[in-house]
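Each in structure tokens, the structures are laid out below.
Next come two complexes, and both contain subunit A; in the first it sits with subunit B, in the second with subunit C.
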Partner chain A sequence: MDVHLRLQQVFREVFDDDELEIHDHTTAKDIPEWDSLMHVSLLVAIEGEFGIRFASAEVSGLKNVGELRGVVETKMG
Partner chain B sequence: MLQLDQLGFWALVVLVAVLVRAFGLTGRWRAAVYLLAAAALFSGAPLLGLLLLGVCAYGYVALRVLAGPWGIAVHTLVMSAAFVLSQHPDVIPGPQPFLRLFPLVGLPYVYLRVLHLIADVKNGVQPVPDALEYFTYVLPFHQVIAGPVERFPAFRAALHAPLAPLDLDTFLLAVARIVNGFLKKAVLAEILRDGVGFGFDGHGLRLLAEIDLHALFIYLDFSGYMDIVIGAGVLIGWKPPENFDWPYGSRNLIEFWTRWHITLGEFIRDYLFNPLNLYLQRGPLRGRVLTAGVVSYFVAMAWCGLWHRANLPFLLWGALHGAGIAAVKLWEAGLKKALGKQRMKQYRASRWAGAVATFVTFQFVAVSFLFAFETPARALEILWNLF
Partner chain C sequence: MTDVEALIAAGEAALRARARELQMRSDIAELVRVAEALLAGAPPSLGRPMAAAFLFAAREHDRAAALYEAWLEDAEAPAAWHLANLAASHRKRGDAEGVRRAVARFHPWDLDPDARRTAARALAAFPATGRTLRVALMCTFTADQLEPSLRVGAAALGLSLELYVGEMDLLRAEIADPASGLYAFAPDVVILGTTWRDLEPHDPDAQADAWMGLWRVLLDRTSAQVLQHTFDTPPHAPLGHLDASHGLALAAARINARFAEATPARVSLVDHAGAVARFGAERWCDPRQWAWAKQAVTPEAAPVLVEEILAVLRALTGRAKKVLVLDLDHTLWGGVVGEDGVAGLSIGPPSAEGEAHQALQRYAKALERRGVLLAVCSKNNPEDARAPFEQLDDMVLRLDDFVAFEASWDPKPDRIRAMAATLELGLDSFVFVDDNPAERARVRRELPEVLVVPLPADPSGYVAALHRARAFEALAISTEDAGRTAQYRAESERRELRIHTSPEDYYRSLEMVATIRPFGPGDFTRIVQLAARSNQFNLTTWRLTPAEVASLAASERHVCRTVRIADRYGDYGLVMVVVAERQGDTLDIQALFMSCRVIARTVEQLALVELDRAARARGCTMLRGTYVPTAKNRRLVAGLYGDLGFECTETREDGTTVWRRAVDPGNPVENPWIAIHREE
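Up next, the complex of A and B:
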């Protein structure tokens, strides 16, 4: 499964929404429940799914799903 | 020190605007002009200027020594100690201690700017800045009094961007922003203060109206200041970030803190809430998202209160907001469980529910201000008189 689909699966689990579709341009404004608390929960879940670890600065600096996917892919090598 | 309502301040703004725009200054030359303007601003209060310069100089040394998390911890403690001592100089023993001369003006924002740089440099996010750019950034002559909390990369990008001559449209928009700010801060807010008095001596609905008008007064005063600073910033080619977005229209407290004092909310989120929440969710509170959130919100907002003023009323005010935000999360979780996903979506989309939630949020914010500006006992007495 490619990174995007795996990310989408994590989003669906974290936000408890089986119909959630994410795109590179999706931001926190597009998902009502994506607030500061759920943002951290999402990143911790992504860490678990991909076996990676985000730096503190990366937690705050992500602007949209595309940037998030880029960081995940870079960390996976 | 020159204030926004003094002609000297505006003469400085015009002088800087003409200098940087007429010569199209960018980079170090423009930074030098801004820094000279800061020196001119503080020339009327040289001791304050020197003390702030001392804090900033410590910050610059701190950027170069002690790397990693220990560096952040040590320097945060040192800066925080200076911050608290400046507000409570009486704890320093001896007659007329040096710190007793320390006026508070400007330090809270200098403190955040220095801490932001220390955290980013120690975390390897950015290199140690050039000294001239550093001192210009931490002592911004037009926004040192009450912010906002601009980040260094945004400042640096603006500093190095070419500066076009001031066209008529931009000039008029900037002047309109400044006039709007004075109208809010010096006219409407003052009419409210003089007319209502804010003694909170009434009862029932009349008292509630006074509490609500007090919240409106605080908004007009602070956002009016921001309008003035942003307008001046446009003229001199250093526009600070926006700090307000109709905050009293927020549907809940979490949204409120993304629309009220936005740059402070973002600072707290990035440098306190996120790292603490990440630590808790990775370790001691793994799998307990709500608990980690409640703890993190509470700590972050208590700190927010203390940053405004290191005393019990502001700590209570911050803690109230921490508790309020935690309550929002618990309410949402409970509601989702009770309503199910589909009806929860309908609830979120409902205008009526939104209107009620906005009203409740505003009342909470308005009442919370009582705890910041009155003693806890007096705030409770006022609350009691509401019923």
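Up next, the complex of A and C:
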């Protein structure tokens, strides 16, 4: 199953928008609700979806969805 | 096998994963096809909700909602994720009432945080109805993740929430400032959400005073109920085991005790520390989430904490239940009294099943002591239903503990309706506990106001199931509860005594009373159970059968006694059995076994007291005992007869020893610590 589609599904559930489309260049600025608290919810949901665990520093400097997907794919091996 | 048949065989989790995968691909046609196949090919209890889940994923909200609603009529404890789907479907359909109906079915035994988030969003899409409660969350951590569970839980109680979430760093400042947003909000409830991070190891009394000072300010300036979290303890204390005596754990315990000693009527304690302990302190907080956003509670733990807050809100808003209606057969005891007879029932140890039923009785008894009314609703002949309460010593509940006793063959909903009329209470005050799913379904269907507790098949889970319903929360303990408090105090006194006094003073302080009887029919089951279960304190390990017990009871040559023990702290029931046979001028002890629950308090010596007495009454001059070693009984009883003044006269090859003790007609054996009642 495609990592991008799974990520998009997680975004749709966390941000309560089942039309939401994400792209590699999508950033927090593109999704109004994406604040620091929602960021934690998003990370928790992504961890649950992919069965991975982020290190605390790994996710602080991410610039966009593409980089987030990169981390997820690395974690999944 | 078709692909859908394979999915059905793989079960609910596989079906759910498949629906999600198709949803991600937006494969609407396939979602609908699988839903149709599920309706055609799966049993309705699985096919209906899963087909609804597939249709929901396909955004067929009308059909999904209709299927879910049909399923919910029969579903006893619907999974939270199905209810969240239903609430979301109703939201899309614009059906506010449907959303509220779905949310009202959320139960504390399924604490899925994602489902709560979805349901809370569905609720928030419509204007509030019903009574509104204005709740200020003043926490020393980020509290936003509590909101979904709070909203869902409140809606299940028929309440709408207005929430005010204070800034975590400004808690004291906001309470101090009369012009702060907190007071402008005019809260009905202020939750002071604190954690161990707020504690210092030194001077706990000053810290307690400071928190209680905040209560006073809030009570002065608002009409709100203040909900104070008890303090938990850190999962990783640098002082190690000394933390309990020198560190934050001590401070937390001391402050919590100060809170408990002096809670004004308008302050309630939220059992935060208890919730953390039950869930597990290490899982309660994820250190990364604390670092990222000062979240002290993980999303998974948040509903657990919220349950504790809701318990207080339930009491505060008068939602607590008043009557616990209990079934009898397989609920309050194991077995069916009409078929098995009183002697065939299982209640209390040593049977595991009996222990479980007795635990439920004990829980109900505790509820009764703090003012909950108990009632019986059983399909039985009235005299059969009453007999166990009158005849079995191990029943915790007695007939006079019940305000209503309905034993008949009428439908239970009719009987409960009649009870409500007699007691002049609404049906929404009633909680129904019955092991039989069909009876539960009928009460659910005919009396939707009654809270029906979904019991698991195994009686060992009954107490937990009843407890999780949190139906009987009260704001305060009434004066009748003094008895329970005294008992707790006595228990700790007993522990103190054992540590600080001589054995003799300890035995005397227990105020033990023994009841010694010949074998009676009401005890046969119990004797057999004790014979089967006693491994350590058992001299000959004779596993008595029911037939042997009956024939021993009828035998003229045998002395057969049961011993019950009670002390000032409680009743242990039937704990020791002795069987001896007259052989000429010797009384030969053939069975002697005892429950380990009454070990080391001279109860075993009663066997000698009683046999010595029986020997003299029969003109016997000698007692003879036999010890047959097993792997389990060596440690406790290899030397028992020696301790009781017997002399070893024979040692056989297999290790069996034979002991004798002369009977002194002028000098009966006594036990100075246990008062003996004999029933012939």
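To be clear about the criterion, the second predicted complex is superposed on the first by the 77 of 77 C-alpha atoms of A that agree within 3 Å, B and C clash if a C-alpha of one lies under 4 Å from a C-alpha of the other, contacts with A are read in each partner's own complex, and residues count from 1 in each chain.
The rule is simple: a residue touches a chain if its C-beta (ideal position, glycine included) is under 8 Å from a C-beta of that chain, and two chains touch if they have at least 3 such contacts.
Quantities reported herein were computed from a predicted structural model and do not represent experimental measurements.
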Point to revise | Touched partner set for A:Asp16, first subunit B, second subunit C, both or neither | key: both
Review point. So, A:Arg6: does it touch subunit B (first), subunit C (second), both, or neither?
Key: second
Practice item. Could you say whether A:Ser56 touches subunit B, subunit C, both of them, or neither, answering first, second, both or neither? Key: both
Exercise for review: Using the superposition on chain A described above, determine whether A:Pro32 touches subunit B (first), subunit C (second), both, or neither.
Suggested key: first
Exercise for review: For A:Val44, select first, second, both or neither according to whether it touches subunit B, subunit C, the two together, or no partner.
Suggested key: both
Check your understanding: In the superposed arrangement, what residues of subunit A touch both subunit B and subunit C?
Key -> 16, 36-37, 39-41, 43-44, 54, 56, 60
Practice item. Would you pull the subunit A residues touching subunit C in the complex into a rising list? Key: 1-2, 5-6, 8-9, 13, 16, 18, 36-37, 39-41, 43-45, 54, 56, 60
Point to revise | subunit A contact footprint on subunit B (complex, rising order) | key: 120, 123-125, 254, 269-270, 273-275, 277-278, 281-282, 289, 292-293, 296-297, 329, 332, 336, 341, 348
Review point. Hey, which residues of subunit A end up touching subunit B in the complex?
Key: 16-17, 32-33, 35-41, 43-44, 47, 54-57, 59-60
**Study point:** Contact set on subunit C toward subunit A in their complex
**Key:** 20-21, 23-25, 59, 114, 118, 121, 142, 144-145, 287-289, 291-293, 295, 298-299
